[in-house]
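As written, the chains take the letters A, B, C, D, E and F, and residue 1 is the first residue of each chain.
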Amino acid sequence: MARVVTLGEVLLRLSPPGQTRLLGARQFEIHYGGSELNVAAALSGFGIHCTAVTKVPEHELGYSAIKELASFGIDTSFIAKGGDRIGIYYLENGYSVRPAKVVYDRKDSAFSRVSPDEFNIEQILAGADLFHVSGITLGVSENAFQLAKAFMQKARKSGVKVSFDFNYRSKLWSIGEAMEKFREVLPWVDILFGSHFDFCHVLGKKPVNSLDETDILQYYRSLYEAMFEQYHPKYMISSIREVESANRNRYQGLLYHNHRIERSRKYTLDIVDRVGTGDAFAAGFLYACLMNREPSYAIDFAAASTAFKHTVPGDVMIARACEIEQLIATGSCTVQR
Amino acid sequence: MARVVTLGEVLLRLSPPGQTRLLGARQFEIHYGGSELNVAAALSGFGIHCTAVTKVPEHELGYSAIKELASFGIDTSFIAKGGDRIGIYYLENGYSVRPAKVVYDRKDSAFSRVSPDEFNIEQILAGADLFHVSGITLGVSENAFQLAKAFMQKARKSGVKVSFDFNYRSKLWSIGEAMEKFREVLPWVDILFGSHFDFCHVLGKKPVNSLDETDILQYYRSLYEAMFEQYHPKYMISSIREVESANRNRYQGLLYHNHRIERSRKYTLDIVDRVGTGDAFAAGFLYACLMNREPSYAIDFAAASTAFKHTVPGDVMIARACEIEQLIATGSCTVQR
Amino acid sequence: MARVVTLGEVLLRLSPPGQTRLLGARQFEIHYGGSELNVAAALSGFGIHCTAVTKVPEHELGYSAIKELASFGIDTSFIAKGGDRIGIYYLENGYSVRPAKVVYDRKDSAFSRVSPDEFNIEQILAGADLFHVSGITLGVSENAFQLAKAFMQKARKSGVKVSFDFNYRSKLWSIGEAMEKFREVLPWVDILFGSHFDFCHVLGKKPVNSLDETDILQYYRSLYEAMFEQYHPKYMISSIREVESANRNRYQGLLYHNHRIERSRKYTLDIVDRVGTGDAFAAGFLYACLMNREPSYAIDFAAASTAFKHTVPGDVMIARACEIEQLIATGSCTVQR
Amino acid sequence: MARVVTLGEVLLRLSPPGQTRLLGARQFEIHYGGSELNVAAALSGFGIHCTAVTKVPEHELGYSAIKELASFGIDTSFIAKGGDRIGIYYLENGYSVRPAKVVYDRKDSAFSRVSPDEFNIEQILAGADLFHVSGITLGVSENAFQLAKAFMQKARKSGVKVSFDFNYRSKLWSIGEAMEKFREVLPWVDILFGSHFDFCHVLGKKPVNSLDETDILQYYRSLYEAMFEQYHPKYMISSIREVESANRNRYQGLLYHNHRIERSRKYTLDIVDRVGTGDAFAAGFLYACLMNREPSYAIDFAAASTAFKHTVPGDVMIARACEIEQLIATGSCTVQR
Amino acid sequence: MARVVTLGEVLLRLSPPGQTRLLGARQFEIHYGGSELNVAAALSGFGIHCTAVTKVPEHELGYSAIKELASFGIDTSFIAKGGDRIGIYYLENGYSVRPAKVVYDRKDSAFSRVSPDEFNIEQILAGADLFHVSGITLGVSENAFQLAKAFMQKARKSGVKVSFDFNYRSKLWSIGEAMEKFREVLPWVDILFGSHFDFCHVLGKKPVNSLDETDILQYYRSLYEAMFEQYHPKYMISSIREVESANRNRYQGLLYHNHRIERSRKYTLDIVDRVGTGDAFAAGFLYACLMNREPSYAIDFAAASTAFKHTVPGDVMIARACEIEQLIATGSCTVQR
Amino acid sequence: MARVVTLGEVLLRLSPPGQTRLLGARQFEIHYGGSELNVAAALSGFGIHCTAVTKVPEHELGYSAIKELASFGIDTSFIAKGGDRIGIYYLENGYSVRPAKVVYDRKDSAFSRVSPDEFNIEQILAGADLFHVSGITLGVSENAFQLAKAFMQKARKSGVKVSFDFNYRSKLWSIGEAMEKFREVLPWVDILFGSHFDFCHVLGKKPVNSLDETDILQYYRSLYEAMFEQYHPKYMISSIREVESANRNRYQGLLYHNHRIERSRKYTLDIVDRVGTGDAFAAGFLYACLMNREPSYAIDFAAASTAFKHTVPGDVMIARACEIEQLIATGSCTVQR
């Protein structure tokens, strides 16, 4: 079985049920998520052995986060314990003309105060096939950034593939700060997930605001090639999302590999939970890679995985690989009985 | 008031709430259903006197099933009691690209071990206008099949109309086994619900996989005529469902009677609960027949009934006849206040 | 801060959760609403100081209604207490082909037996910018009608603007009774919310049943002009709703002012809760007026407000003005994070 | 199987969940109850055939009440339909030092406007063994009183035993009005449920406020004998409740028959739902009578039935006779597995 | 109507439902509380006009806190807005041998960064009868302590009575820090709520660990007299709680006034929610004082108020004064109907 | 860290919420349990490494069981997959005079068809300190019995301690069948959990029905000694439960070791969930043993663990060792804050 290591923060997500609003909420549904952990959980569901590296406080909320990660089948034996609090985000689901709303309360979390001494990086990476991290971890704190760098460097050195997802969050840090750090780590990256905004910012270009569908491919090709020239990632993967309303989107995946662009099937999606769909996309692609599927199938698997995640409540994808394969094969939604 | 007798198993349905998945579910919503009982419940709601023939275990789960049937107004006085367990099915609702999922656990249920001696068939059918059963009952067990045969034969002899819905379930039995038994009972059937797949299999033809809309009518006509030639049912009723996604379908009813085909209005449906919609279709048609409505109205009532059922949670249709009539008359969804 | 006074009944709304039916419901979700109070609550959310004039019984249900109104920031200090019961309405949400269903049980409510002596109208109106009432209050009882008249007259005299929404309810009274009373109060009205049906009935014309989109504007213009000639309201505001299904509507606002017609953006809406959307429309328009926004913006704000309300469970709009402004500005439903 | 007819109103009970208060409640749990219907439901659970005579409005709330009664196995075929509304009561459960709270809203209910012409009394009573009614029905309205009298008279004439439970409700009518009507019907009563307050008021004596346990029996004996002398009921049944707190009571039953007093076991009860326990007491006694059990067993069955009801949420007892028999036999609360 | 001003933090309380544990919780019930706000809410429920001084962040969680306070009838017009986050505490209810568990996450809350310039203290205190604050506010931050001091000083100067409740929290600060600040403000206090531990620490005595019931009064008397000698509070109020289990306590109130000790009735309490019972005790006493009731009644009202609060879910007492009066008068828990 | 292996079936438990009855239930709460898995989960919570050996079907219900076990920190890597169904039990909680009710539906479960070839017993036991199994596993099927025997024998041979809990279930098998198999495995047992009933049956004595408290110890001593003479277990552990009502029990633990009897503290328990308390008792004792605590502490830890479990909903104990230690140390139930 392939083995993956991820590094990132686990957040407590609190969301009022159904379509009710945060303002005046009487109940919160509890989920635990975090970009890299969402990837780990999805990969575990697909049958990959995943080790999560993170840090949680030594009290009920930290223990609950570990319990949740373990329930997905993630190896939790390298999770550090300490610090005062778990980071929180409050999420109001969007619907129709009302966009989803996120209120972050993640400052001074246990993970933000992580220290490299808390982990034996070599031991953790020993025998791993892939290390995955996202830009969020780089932005959480200087400590987290240093830890991520240490992992990426050692992975590169020891032949563990490095996967990186930009995941730029404007509520976390400025574009300027982010890009500086992204540029620092890009040379170690084998598999790179990003949007045209990310690529432009990294390359120092002014991003285009809205893309006319006809020239998207051409536009992406030029960015991919410029990125490749500078950083040489083996795979670059993007997604194109059209937002009809908060509960109806269209979605398609793009892959650049060996100077070719592959496009996935395009999905029209009624949405149950929008959060974590980018992570399900990354997990889908990584799974197909780890299983040595060819690029065109890999991007199809990534897109089907993200389409499926839109129907699953919570931050985390819950699906087995065969369910994604069936979606790719049939596209059918008829009850089996 | 017209009087109908149905024969079939009542199952305990366990489904996680809303769009949550079976995997990791913390709660089940409880419904009781079963193809023939769904028909009986819908007919009771329309004002028809229905007697359910079934068997449940003598413990809380069996008593709960009876309580539920009684709450729909169904006459439960001929329900046998005994056996060890109630059959179960676990249902995960589908949504968007994710199809609904059914896990059956119905082996060795009380009903599967039913014995013809447990019922006084003549007494039960006395004064009835119609007897309804589906292919599921024929497939549950040899015992159930023998009981169904006994009911159908006696009904035919004593002038009680016989209604039959193929309802082939691949998780229950093979096509071969099913068709053999279907062919055995078809000569007694007056009203027959089925799809082109069913008709083909019965007639020993190879079914077409996907139908182009233009020649559907022609195709169905040829099958109806072949069926009629062989088995002489007075009414044959089918439905055409187009699956846009797990929560959006299009639906239309077809009726063959006196060598004519009638088509209902075509509905576009946002779906709350997909289960039992075929039974609401049958119930709608049977109701209109029992009320001596003309065929074109009957197929409209059947289609409107099934359209309405798609909006009702649970296996069972909850509606009064006037609600269906209003849907046929206005098609309007404006609040009345 | 602008100050608004509203007069009207607060009803207890009891509705089964989600898409479940009233028949056989096991739980009711509790909301409190009432056309004028919905307007007051929405305006409070936008930052306007609102005083609600109503009457509730002196027991837990009456106190709960006051508690709810206070939670919206409404000034509850002029609410009369007495009488036996709070009016109730049972609401089943509609979905797809199934229309919403309302069962009223509001006879002999505390508010219906309100008496003008219970209120010091001059004191209440002192310093107010606007008084709002709807046709429902006029139809609740003769007492309520007399009270409404007293408020409207005194408002007009003392320079407080008068806003009136026809809100004709066929389950409350006949067209004939309603129109007689509407005509009595119209001369005092500055801001008038109504549909072409209302205008026709007031003017004694036969309403057209369905409007072809091309000549709607022309038709409305003729009605507005006839209304203006007779009653001279400064603003007349209407909405055009197309009902695709119980959970999908299209919506647009119309404004007649200074002999010009302004139209809002047209929204396609997936619906969470249809009730109170007309009141959110009125509140949106009144807010923009009170903030001295120009007419074209005011009708856009009204339409965006009602679009947003379709996504909010309960009778009452829960939104801040900046959320509506953002919807007008961007139309975007992307998560901000 | 024995056959019982009951006459009385069905009320919609709305109660906030668990120990939450009415004030500020966000949800109501729905139950349907009514003294005589509670008796009918409990008897049905014990295996007796019960026919409920009542009247409900012709809308969803009335139909829901019928659905609920049918679910208990009650024969609902003689329920009249009409009128505007179903009577309501709001119930806040008590706990510890906080007493339960009831807010009635039952005026002008469908049942209060019942008319004797709506029922074919002779047909309904044909074949019945017992007719049961309580003082609540006599107090609901003059119409209801006349109907009750008609039933009691005809029952007495045709040899159907008459059972009557005083059930005096101070929020419904004054002691004076009640006693006048009680005295009118007492001569027809065979089985009489009442407290020492009831007996005193009927006999025109001043009731004692608190009873010292030692002389309770003596006190009751004197009242029973005075009652017997005047009205000659064959059985008089009372209960003695000591209230330690809102969730802890002690309970014992008393029976006067053939000039002897029988006492039941005394129960200490942790309370889940206090409502309907008096009706479970009556049902328990009636069941044992109908099964021809001896008096000492009958009062034990009544007390065990009421003890059991204290653990069942809702107005209605849910238990089979064997469960009560087991409680009498063992008193044991050990899990059976 | 009397007018009270309180100063203190509002916290978001998150607790898993019923008796479920924090570890592995899937849902949180949301309450808002805070010692002084609990006092304000309880007093509002009793009919006193209360103004809450606090600070909340300018986002959905802050607005929700204000909405909740307004729903209790509290005047929220002097609440400051700003800062990043609302303080949180996670609460697991205790039961039987399992104690309740609290996890605090309140550092760097909006209130902890409050600044005296944000409030016009004189304007807020104008016309007030009483100012109430607890030791928690003094311990939240140096800023909060300075603000509390400013309020207490100005209240003392302008003849507004000052009420203070020690409320020492060991998770917030050390005994040493607390006592230093308590001693600084005690000279301004008129009404003082505290336990023998508090008094001992303030007086520099070693507290006794467990009190034998016989000499409690004597022990308290000596502490009261020492406190009075040093700080001259007019009223000192304490409570004696005996913990039988997490859900069963005994409770009694003590009052020292004019050199006399008054004791309340002693309650045995089954507990629904233990949090906020001390605040209900303070509110009960303050209410009786503000209504000029005599001391013996005031301490009875305080104890009855706290007894009642033990039955109310959430941090906040929900009761009207008449409910407390009824509990004092009757002690009865019989349903009224 | 100590390492424990357990063998036994995982059952799906379905229970209606709170105090509602199975009959007519609308919802089930889902738990997974099973005597040996409950022991494993409790030990995992205490910090012991536990490996569960069991078998589940390859569908959503089996995967959910694994997910649940993993969430407790149990090593699930040796769980076999296959078979058709997961065993079920329906549980109605008891309360007051109403005993809990269990309906089993566990026949033909995946585990009952387990085969010894599916497990590499030596590999699984390698490095383990203890193997635990209960009599339930021996009674599930002949296959399960053979597997248990194989495990016990190999454990004994390879120096892994063997722990056995009689756990006789009358709904599973007869006393005769059970005792025959118990006697077969007892020679391999080091740690034996059982009641005086179990010991009597094993020894062929007639059990006494009720024990007078004074001679319990003497009675147990004689049984322990007879058992020791015959089977030589190092530890024999029993519990004495007095059932006051379904929600109030008293509980004490007994330990026989080195010819001495140790008794634990005696607890009076208000009960949240009675199921799995025996398993928490076993887990508590095993934990203390594995930590090499002395016998008197071990039996105290066992009793405190079981006392704590009575407050935890579900089959499984959720507690950390420090919580049990705190209960032993203080017995206090005061909130820490």
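Here is the rule we go by: a contact is a pair of C-beta atoms (placed from the backbone, for glycine too) under 8 Å apart; a residue touches a chain by one contact, two chains touch by 3 or more.
Each chain and its UniProt protein: A, B, C, D, E, F = Sugar kinase.
It should be emphasised that the depicted structure is a prediction, and the values quoted were computed from it without experimental measurement.
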- Fitting the CA atoms of chain D (Sugar kinase) to chain F (Sugar kinase), what rotation angle results, rounded to the nearest 5 degrees? 120
- Please determine the option from C-E, B-F or D-F whose contacts repeat those of A-C, over half of the contact pairs being identical by residue number. D-F
- Query: Which pair wins on C-beta contacts, A-E or B-D?
  - Reply: A-E
- Task: Give a one-word verdict, same or different, on whether chain C (Sugar kinase) and chain E (Sugar kinase) use largely identical residue numbers at their interface, taking over half shared as same.
- Result: same
- Using CA atom averages as chain centres, what separation in Å is found between chain C (Sugar kinase) and chain D (Sugar kinase)? 46
- Message: Centroid of chain B (Sugar kinase) to centroid of chain E (Sugar kinase), CA atoms only: how many Å?
- Response: 62
- Do you know which chain C (Sugar kinase) residues sit against two or more other chains? 18, 21, 23-24, 26, 67, 71, 101
- Task: All pairs of touching chains, please: list them by chain label.
- Result: A-B, A-C, A-E, A-F, B-C, B-D, B-F, C-D, C-E, D-E, D-F, E-F
- For the chain F (Sugar kinase) and chain A (Sugar kinase) complex, residues of the former touching the latter: 67-68, 70-73
- Per the touch rule above, chain D (Sugar kinase) residues touching chain F (Sugar kinase) in the complex are 18, 71, 267-272, 304, 307-308, 310-313, 318, 323, 327, 331-337
- Item | Residues of chain D (Sugar kinase) touching chain E (Sugar kinase) in the complex | 18-21, 23-24, 94-102, 104, 169-171, 243, 245-248, 274-275
- Touching residues (chain side chain A (Sugar kinase), partner chain E (Sugar kinase)) in the complex: 14, 21-30, 59-61, 63-64, 67, 84-85, 88, 90, 92, 101, 103, 105, 107-108
